[in-house]
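Let me begin by handing over the structure; questions about it come next.
In this document, chain identifiers A, B and C correspond to the written order of the chains, with residue numbering beginning at 1 in each.
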Amino acid sequence: MTSSSDAILTIKGLNMQFGGIKALENIDFQVPRGSITALIGPNGAGKTTVFNCLTGFYRATSGKIELNAHKTKTSVTSVLGESFKASDLWQPVRFGRRLYYKLFGGSHQVNRAGLARTFQNIRLFKEMTALENLLVAQHMQLNRSFLAGIINTRSFQKSEENALNKAWYWLEQLDLINEGNQLAGQLPYGKQRRLEIARALCTNPELLCLDEPAAGLNPQETAELAKTLNTLRSEHKLTILLIEHDMGMVMKISSQIVVLDHGLVIARGSPDQIKNDPAVISAYLGTEEETGVPEHEPALA
Amino acid sequence: MDLSTLLQQLVNGLALGSVYGLIAIGYTMVYGIIGMINFAHGDVYMISAYVTAIVIALLTFFGIESFPIILLGTLFFTILINSAYGWTIERLAYRPLRQSTRLAPLISAIGVSLVLQNYVQISQGARSQGVPTLMSGSFRLEMAEGFIQVSYTQLLIIVVALLGMALLTWIIQSTRLGRECRATQQDRKMAMILGINTDRVISTVFVIGAAMAALAGTLVTLNYGTFDFYIGFIIGIKAFTAAVLGGIGSLPGAMLGGILLGMSESLFSGMVNTDYKDVFAFSLLVLIMIFRPTGLLGKPEVEKV
Amino acid sequence: MAIDYQYSNKPDSLSSNELLFRIRKSLLDAFITTLLALAVFGPIVGLELDGYDFQLQLKSLVSILGVIFTGRLVASLFFQTSQGEKLLEKFSRKDTSIRVQPLNQKAANGYWIIALFMLAGLMVPFLASKYWITVIILGMIYVLLGLGLNIVVGLAGLLDLGFVAFYAIGAYGLALGHEYLGLGFWSMLPLAALLAALSGALLGFPVLRMHGDYLAIVTLGFGEIIRLVLNNWTQFTGGPNGVSAPAPTLFGLEFKRRVKEGTPFHEYFGLSYDSAYKFIFIYLILFALVWAVLYINHRLTKMPVGRAWEALREDEIACRSLGLNHVLVKLSAFMTGAAVGGIAGVFFATYQGFVNPTSFTFFESALILAIVVLGGLGSTKGVVIAAFVLTVMPEVLRDFSEYRILMFGLLMVLMMIWRPRGLVRMTRSSFQPPQTVRQAMEGVR
């Protein structure tokens, strides 16, 4: 485990229950700043549930999720809006904060705190162009004044121009410059995946969470993706957390791997440690097998 | 307000609420199975009122005077014809839109609602219509101060509504058809893979909803006597309110919601103001949506990310 | 299906046996359909209630059934032929009907057309009769309503079935503001927009956080609440009798024949009194306002907020993951739409001279929705055309007014089946890449 002082994301005692089913139990792990951390595990282990909890799409039943980005510490559970407590009566500041998050909180606040994500089943704005997708992602950084936009003031034009430049920049980084003016829904699958990453990057995140980014890509595209992720980490100082089934890629690029099984963290460590961890091997292959780690786990998501 | 008036209002509310409950079933089942608000459902109810009057007129024309036969005959024909409406509407206006945008079926439903209203208006005239009083008389319960009066038709409404509910619950819980319905509601794609003809199941749900609305339409028409082509609109929103109150997608919820709405509405009109009873019901809808969108018996919706 | 089509679709190789079989099948199809139609139409069309009695309307029933039988038969036979199958395939194909405007092709002659329309529109009040001016005013009011609802339904993808409530708030705002506060047309115009937007916010904020479809029914209820309150609160709103609404003034000049103080418009300019002046004036203000709203609408689609609306329509979850507060974004659409509806209401009140609750029924909401749907959900041009067609046509074809709503309903259903995105093709704007990127693009090639 890494020291807690430089963790961009700290998850402590995370529990998630759907009705009577315990999907996650006491999940603990940290994502060190500047790392590529992979979250792996067999199908149904709860990886996407963890993702949805820490990106604010699910409200965790209990536990702490703390994001330390943009120089502030944000508790993901509290920006989603917690229920009021009796003690709020004599703590007006806390009451006010709770009321604010109750009214205006939600998963969008998590993004604003510096975390961007992609989805397992790509969620692009299919009937908008690739560029427009990236412009929407910059919504919070733009001049949103009604009046300025309608009169088309100088500052408004400037803000739009900056947004376009940034959009083109990320298109270039992800090798999509020829697709800028095409409808997102009409792009080939691999390019849609990349566009979704570009769109997430347009929100200026410090932590990028990718849900099975290599699913459905061919080996060559996967290799390129691995290269891109490495570049993002080294040149753009991003931290990356990913769920992935492609063990080849995971072992190659991750600096830390967290293994989930049946809603529990069964192992944490460097790729080499994980490769030889008996608990991981038995989770993937059953208890009898002792030899090696599967190179490819069939991605049946 | 004394006790007897209060009880009287509650009894009236129970009868009214049973009707809301029966109509709410159509909303709740359709919403449960294809996640769509069938705006035309209130107008299907309106059709049943017309069919009831027409069948009664036909039966009296053929010289049938016995009340039980008229009642059974009317119920039979109204349910039959309304089911045909339910099936046809689903087949023509909703099924082609299964893969369309989210808004499309809703807009189509509004279109169907307009068509039904205008079509009845054209063929039956805009004036309000009525049926003769076939069953009069009432029970009277004397109390310490005042009395409670329960008319036979009110009693009929409550009993038939409960019977209809019981039958439907049995169908859904214990028959093969019911099992298919529940499976389709849980996961349509999986049900399809397992060999269930989900299109047919959805059609059946529309037919069941229309049949229940027919039951309500016949009973209400026998009780109140008059109706016009516009009645479906208001009662439709109210029945939807009942469905939401009970928890949309839940069958017992629809009945519970119906009865609660009926009772609170009749208490409101008895104690506060009759003019604003519709305003009260609609405000209730807005308030439930805000404070308890899952209703009383509904399950919270888990967003699929 | 495709394989089937390959093998069975050779008309010349069709044996007479097979042909007979097909005809029999089509006949059976038509017969079953007609039987169903008999159940559906039989009682309602065939037996007209007359008191507690009924009258047989065999003629209309038989003609409906006849049309259905032949229609089904012909369709069934036709769709078995090769042309029919081709047509069927063409209809079932997914047509996205959205295209991106090519980079170097900008709307060059668009300005000419706009200028032409502006000029023609400005001439109308001086050439047309008073009757036609009023008809066109009504048309323009519906253009405003359509544009307002288009923001909500077309752009943001929120189904608002109580839009008439905001229209009513605007109209009654003018009438009651004049009655109780002595406010005139010009002060009520912005106030009504504000009032409508505020009530939209009050209703929308709690409801918009919920599942999208609920909004439809809540707004439906809200529209009805407003109408019922207007109808029942007799002391304040005048109940079913309504209230009178003031006409607009030109820098304080009134358009009445006689005024209590000051001089009326015609005397000031030395003209003889004509009741058409008031309508010409309303026409001109409304005309300017419609263009302003059209321009704002055009700008909105190029602004962050407009893009956010469309993105929200496409995928709410993705929007949230990008830091957009979906509730506030939806609310901004809802409020903007409501404000436009409120403005339309002010014009309606001043045009009619009085308002009463019968103008604000659910049918009105449905009509506005029909305008937006037929105009093509999101297309401004389409909304303008549809608004005029749906409001002016009934004036021309008065004989068919009875069937008007039936037609709207049918069109709504058919449009959703055939073209859920509307009649007009959507065009998305494209952006010129910056210099550096262009060089890189050429390098790639």
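The rule we apply is simple: a contact is a pair of C-beta atoms (placed from the backbone, for glycine too) under 8 Å apart; a residue touches a chain by one contact, two chains touch by 3 or more.
Just so it is clear, the structure is predicted and the values come from calculations on it, not from any experiment.
> Please list the single chain whose C-alpha centre lies closest to the global protein C-alpha centre.
Of all chains shown, the one whose C-alpha centroid lies nearest the global centroid is C.
> Using only Cα atoms to place each chain's centre, name the chain farthest from chain A.
B
> Using mean CA coordinates as chain centres, what's the chain A-chain C distance in Å?
Using C-alpha averages as centres, the distance is 41 Å.
> Could you please state the distance in Å, as a whole number, between where the Cα atoms of chain A are centred and where those of chain B are centred?
46
> Counting in whole Å, what is the centre-to-centre distance of chain B and chain C, each centre being its mean C-alpha position?
30
> If you look at chain A, which of its residues touch at least two other chains?
57, 119
> Mark out which residues of chain B touch at least two other chains, giving numbers and ranges.
Touching at least two other chains: 303, 305.
> Give me the residue numbers in chain C that touch at least two other chains, ranges are fine.
317
> Per the contact definition, I'd like the list of chain A residues that touch chain C in the complex.
55, 57, 104, 106-108, 111-112, 116-117, 119, 123-129, 131-133, 135-140, 142-144, 146, 149-150, 152, 164-165, 168, 171-172, 177-178, 180-183, 185-186, 199-200, 202-203
> Under the stated contact criterion, what part of chain B meets chain C in this complex?
Residues 35-37, 39, 47, 50-51, 53-58, 60-61, 77, 80-81, 84-85, 87-88, 92-93, 96-97, 100-108, 110-120, 122-125, 129-132, 233-234, 237, 240-241, 244, 275-276, 278-279, 282-283, 285-286, 289-290, 293, 301, 303, 305 of chain B touch chain C in their complex.
> Can you check the complex and tell me which residues of chain C touch chain A?
Touch residues, chain C against chain A: 96, 98, 100, 103, 295-296, 299-300, 302-305, 307-308, 310-311, 314-315, 317-328, 426, 428, 430-431, 433-434, 437, 440-441, 444.
> Taking the complex as given, what residues does chain C use to touch chain B?
36, 39-40, 42-45, 47-49, 51-54, 57, 60, 153, 157, 159, 161, 203, 206-207, 210-214, 216-218, 220-222, 224-225, 228-229, 232, 317, 362-363, 366, 369, 373, 377, 402-403, 405-406, 408-413, 415-417, 420-421
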